[in-house]
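The structure's right below; bear with me while I get my questions together.
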Amino acid sequence: MANIVVQTIERAPLAIVDGLAHCGVATVHEAQGRTGLLAPHMRPIYPGARIAGNAVTISAAPGDNWMIHVAIEQLQAGDVLILAPTSPCTDGYFGDLLATSAQARGCRGLIIDAGVRDIRDLKEMDFPVWSKAVHAQGTVKNTLGSVNVPIVCAGALVHPGDVVIADDDGVCVVPRADAEAVLAIAQAREANEEAKRRRLAAGDLGLDIYDMRPRLAEMGLKYV
Amino acid sequence: MANIVVQTIERAPLAIVDGLAHCGVATVHEAQGRTGLLAPHMRPIYPGARIAGNAVTISAAPGDNWMIHVAIEQLQAGDVLILAPTSPCTDGYFGDLLATSAQARGCRGLIIDAGVRDIRDLKEMDFPVWSKAVHAQGTVKNTLGSVNVPIVCAGALVHPGDVVIADDDGVCVVPRADAEAVLAIAQAREANEEAKRRRLAAGDLGLDIYDMRPRLAEMGLKYV
Amino acid sequence: MANIVVQTIERAPLAIVDGLAHCGVATVHEAQGRTGLLAPHMRPIYPGARIAGNAVTISAAPGDNWMIHVAIEQLQAGDVLILAPTSPCTDGYFGDLLATSAQARGCRGLIIDAGVRDIRDLKEMDFPVWSKAVHAQGTVKNTLGSVNVPIVCAGALVHPGDVVIADDDGVCVVPRADAEAVLAIAQAREANEEAKRRRLAAGDLGLDIYDMRPRLAEMGLKYV
Amino acid sequence: MANIVVQTIERAPLAIVDGLAHCGVATVHEAQGRTGLLAPHMRPIYPGARIAGNAVTISAAPGDNWMIHVAIEQLQAGDVLILAPTSPCTDGYFGDLLATSAQARGCRGLIIDAGVRDIRDLKEMDFPVWSKAVHAQGTVKNTLGSVNVPIVCAGALVHPGDVVIADDDGVCVVPRADAEAVLAIAQAREANEEAKRRRLAAGDLGLDIYDMRPRLAEMGLKYV
Amino acid sequence: MANIVVQTIERAPLAIVDGLAHCGVATVHEAQGRTGLLAPHMRPIYPGARIAGNAVTISAAPGDNWMIHVAIEQLQAGDVLILAPTSPCTDGYFGDLLATSAQARGCRGLIIDAGVRDIRDLKEMDFPVWSKAVHAQGTVKNTLGSVNVPIVCAGALVHPGDVVIADDDGVCVVPRADAEAVLAIAQAREANEEAKRRRLAAGDLGLDIYDMRPRLAEMGLKYV
Amino acid sequence: MANIVVQTIERAPLAIVDGLAHCGVATVHEAQGRTGLLAPHMRPIYPGARIAGNAVTISAAPGDNWMIHVAIEQLQAGDVLILAPTSPCTDGYFGDLLATSAQARGCRGLIIDAGVRDIRDLKEMDFPVWSKAVHAQGTVKNTLGSVNVPIVCAGALVHPGDVVIADDDGVCVVPRADAEAVLAIAQAREANEEAKRRRLAAGDLGLDIYDMRPRLAEMGLKYV
């Protein structure tokens, strides 16, 4: 199972992928039962980006970015690269040259549970990255890994072709087979939230909108 | 003492609160003897905001944001919500819907030793938050807590009605009874700093302005 | 060796220093064999700054900023202050008054493995800082330290007069004696990267540009 | 309020203190409504100790242990020293000489949200310490602090004379005025647990002993 | 998929499980291609234990240990409990009462990416636990979770019935279907290591035993 | 400078090395002006060991232990191995086979700012290790590093042949040229401490022994 590149993976249709991007990470994660989030240490290198894409997964040795070159050949338009090192690492696996290459093949961004560098260039290129660290530390090309195998990235299980959504709130993974159903729930949730938002903006209380007072009283909350 | 909501709290006058906001966190904390700061892991979700408000305090279970709904009913114009979980937590207790509700009641911002989400919306709404984490992880409404009781938030003791000041340097708490006196000291400090700033900008050295050379010599500093 | 101020240090010529700033941290660190980086917890207080300067080093007690006043007198135009506390500390050693003084003497920025405050003012002044923390916590002036002695700052050895480069990717130190040679390598590397960037942007793969396929096959990478 | 030594404090009777020690941290914290625990980074320097004592509190500057000497004079038999630095610190404030002095005055141990050293000697002396770190880093005696003022230590509010309980599970603080009542609840809880322990050891399930099945079913737990 | 209890799972034969325990974590993880380890923050509560068992998995809300009661009913002799909270948590989910119950049903230990308490009792009972934290903080029973579903625990994917091995080096998971094959490789590795150990103890060098010198020279290592 | 092995280094006489071991880390670090300590995250894998030795230094890539094999050939009786990875790493670089080899050549222990495994065997062999982590994660042998070059390990600068002292309080480095002088100061300090210990044990206060009362009063400490 080690040191393989899976060349054919199934992907979610981009219409669904783009719909999930529009809903955003918080809504999508709620829509699939509060699951799928990567850990909160995964932060965007600049604010404001919101993307979704089909996952091309990378399992790489610490301090070794060789498999990113291998993975880029597997990219299709609408994909997102997602890398998990085999042990904790903060090295800068990825910079502007790799981003140029990935972007040329239609890649929408990178999710990496390690470090990234050339932040200023990546921002100018509009190539967003969510990472554990920013560090200039260079890497080597000495040890094999795998591309398009299941990985655990920042605490979340990711299969190749899953839909990855990322924005200022973090990163969420939706299994490919669930993507259409999750999108439907997320869109319904959004519509529902809009009505609530108007009531709350008008001064109505969540205590009343959600009818919380009886259960609070029953459980023993005391007003003094 | 557990699971209570205190409905009547004393607050500092908003003229004093606003004066403290104008001085900023660093100056206010110096003015009260270098005390009152929350821990440095409390960071703003976007740069540039500077607020102060009277504290409406929340003690909540990990991963449970029920008490925020309860607290919002207690808000008055000029208040700030401040939440301490009963054990360490990074979940996203608070997002744009709760912010809409809090803002509708005059709340100026949130201080939370846990996570927050919907960052992009909060920035657009101009609702600042200082938090330990940004995470989309949703929360439940199953466990009671308390509102307007004394809490320890990020290492600082906060009583309801205390003045909370927050800006890019972090968060500071001033006991309500001390607010007026601390403001006076802070304003005097600011005036004093302005004169020093001009001398330093002109090239004078702190070594001379503060007459440090004799004591440095006495303590044994050697120039070689 | 303790509690001394070295008043005469050798510096690298500013033409070389400025050349290294232009190349940036990632390129310079590669040019000197992937060495010299400070740890990834050293982050800029605002994005976009890129500086280089000759190091005026400070060894200071935890929570005591007295030696910064002493160091400012030693500054020349084109210098950078770099401070390592003698034990881990997040206090705000440095704010807008010290920055005004340092800037008046030609200092280009501060590198500090501790905390900094007055972030908003420092940004307005265009005085960049790379630090371990942002914290308003004030410091005292009770304990001696040293200026312009060798220090270990965030894991990197720094001698006074070494060239310190800092940008959004972090901080790198180049020994003064190596600065000219490292600059030459860095500039050659930049030229070389430009050609690669064009090929990658056109869709060529790193696998082919760097001729990686034979060695990948030899080491056993399997395409399935 | 700064830089004071309060010489007269009220203490809880040692019979109550010793009763709380016997119950242990987990039971006592449950008995007072799951409150009073210090953060989980506070760990014993060697396993097996279980103590309780009346708190003699210390607020000290980072890297400065002067106030420990001052506090030792305030100790009575049955006291525990508890120190919070004014900003995060891992230095070794306390070693075998201070322990010898404290022990000579009847002190039962130290709780310190910072570092400690001379671990081997402390263990031989049977002087237990709960700390954030073990580090040999020495400290200075240059900056004043306070003794027997309220402090926040590792997230818990501690008043002088409160009862501090510490064992392998961590550290818990009981307000002096509540100590007798908490002890009664803790002892009742212990008696109650003994009966449950026997049933559980015999193979009875908590699901049945606590009658959990109906509520689990009502909330929607599905067995498949 | 949420809030379910899977009552029938396949398990590995105990002869294989016990064989893997005998090999230990380091050897087993090597035998399956350096995969399956939980993160290094998972530490034993006391040294010296070495266990293996079939996984009964638990997904639980932060600060809520209700599902442990549910899981205990599913235990068979030779099982190990393994719990992942749905968001990061250090609370003490598990203590001596639950351990008594689990042990009565043949459970060999607990792996928990959260906190545990009653350390002294657990050691006396010889019920080993590997955890992220030791903390007395009590938990509630308000929110449902799941038992015997796939979980990601401390970065590793675990299916119910997988074999979990734990010792002083940490925790490793072997997929049930691979357990027999991995055991064979691990035992072969052990035999092979014994011969090497004798040569190394006699003073032979790894450089010679593994014939490393030619490749080191080829790659450019210089002896000076 | 990269990828070299320095075969001839100067060492401190073992009589001095052993004298420093006897004094222990805390005393030695004080004796050289409170310098030379490694960071507090460096902890022994089992309590009670106290060693000193001449440093054989290793600079190694993350997750690659090849250079340890190279370094072992350079060991002499009385040496200590000390390894710094070129970027942060917790992998288990070292286990019982390498320890057998190192011990066969007279090595007294390992200091490693990364991970170690086979803890149980190392304890049985009486081969002490101070490390940043315990983790079973295996490493590769693909990337060169260097042996017996200056390194920064856990924040301390170490030259080959320096004396490394390690015990339960952590790890300290003494430059080879200073070792004899530092030993003399450390031994004097020990003698001096013995007298103080007797006075403190008899109940005398540090306030009086060190004549602290006048300066405390002068600085403004108030007894109330």
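Think of it as A, B, C, D, E and F in the order they're written, each chain with its own count starting at 1.
The rule is simple: contacts are C-beta pairs under 8 Å (C-beta built on N, C-alpha and C of every residue); 3 or more make two chains touch, one makes a residue touch a chain.
Keep in mind the model is a prediction, meaning the values are calculated, not measured.
Engineer: Give me the set of chains touching chain C intersected with the set touching chain F.
Structural biologist: Looking at chain F and chain C together, the chains touching each of them are A, D.
Engineer: Would you indicate which option in A-B, B-D or D-E repeats the interface seen between C-F, with over half of the contact pairs matching by residue number?
Structural biologist: Answer for C-F: the repeating interface is B-D.
Engineer: So, what's the distance in Å between the C-alpha centres of chain F and chain E?
Structural biologist: 31
Engineer: In angstrom, rounded to a whole number, how far apart do the mean CA points of chain A and chain F lie?
Structural biologist: Chain centroid spacing, chain A to chain F, equals 42 Å.
Engineer: Mind pulling the residue numbers of chain A that touch at least two other chains?
Structural biologist: In chain A, the residues touching two or more other chains are 34, 40, 86, 88, 90, 135, 137.
Engineer: Just spell out which pairs of chains touch, all of them.
Structural biologist: Contact pairs between chains: A-B, A-C, A-E, A-F, B-C, B-D, B-E, C-D, C-F, D-E, D-F, E-F.
Engineer: Okay, in this complex, where on chain B does chain D touch?
Structural biologist: Against chain D, chain B makes touches at 1-2, 33-35, 39-40, 86, 88, 150, 152, 155-157.
Engineer: Provide the residue numbers of chain E that touch chain B in the complex, in ascending order.
Structural biologist: Chain E reaches chain B through residues 61-63, 86-91, 135, 137, 140, 142-143.
Engineer: Taking the complex as given, what residues does chain E use to touch chain F?
Structural biologist: Within the complex, chain E touches chain F at residues 24-26, 29-30, 34, 37, 40, 43, 47-48, 50, 167-170, 172, 193, 196-197, 200-207, 210, 212, 216, 219-224.
Engineer: In the complex of these two chains, what residues of chain F are touching chain E?
Structural biologist: Going through chain F, the ones touching chain E are 3-7, 46, 66, 69-70, 72-73, 90, 92, 95-98, 100-101, 103-105, 115, 117-120, 123, 133-138, 141, 144.
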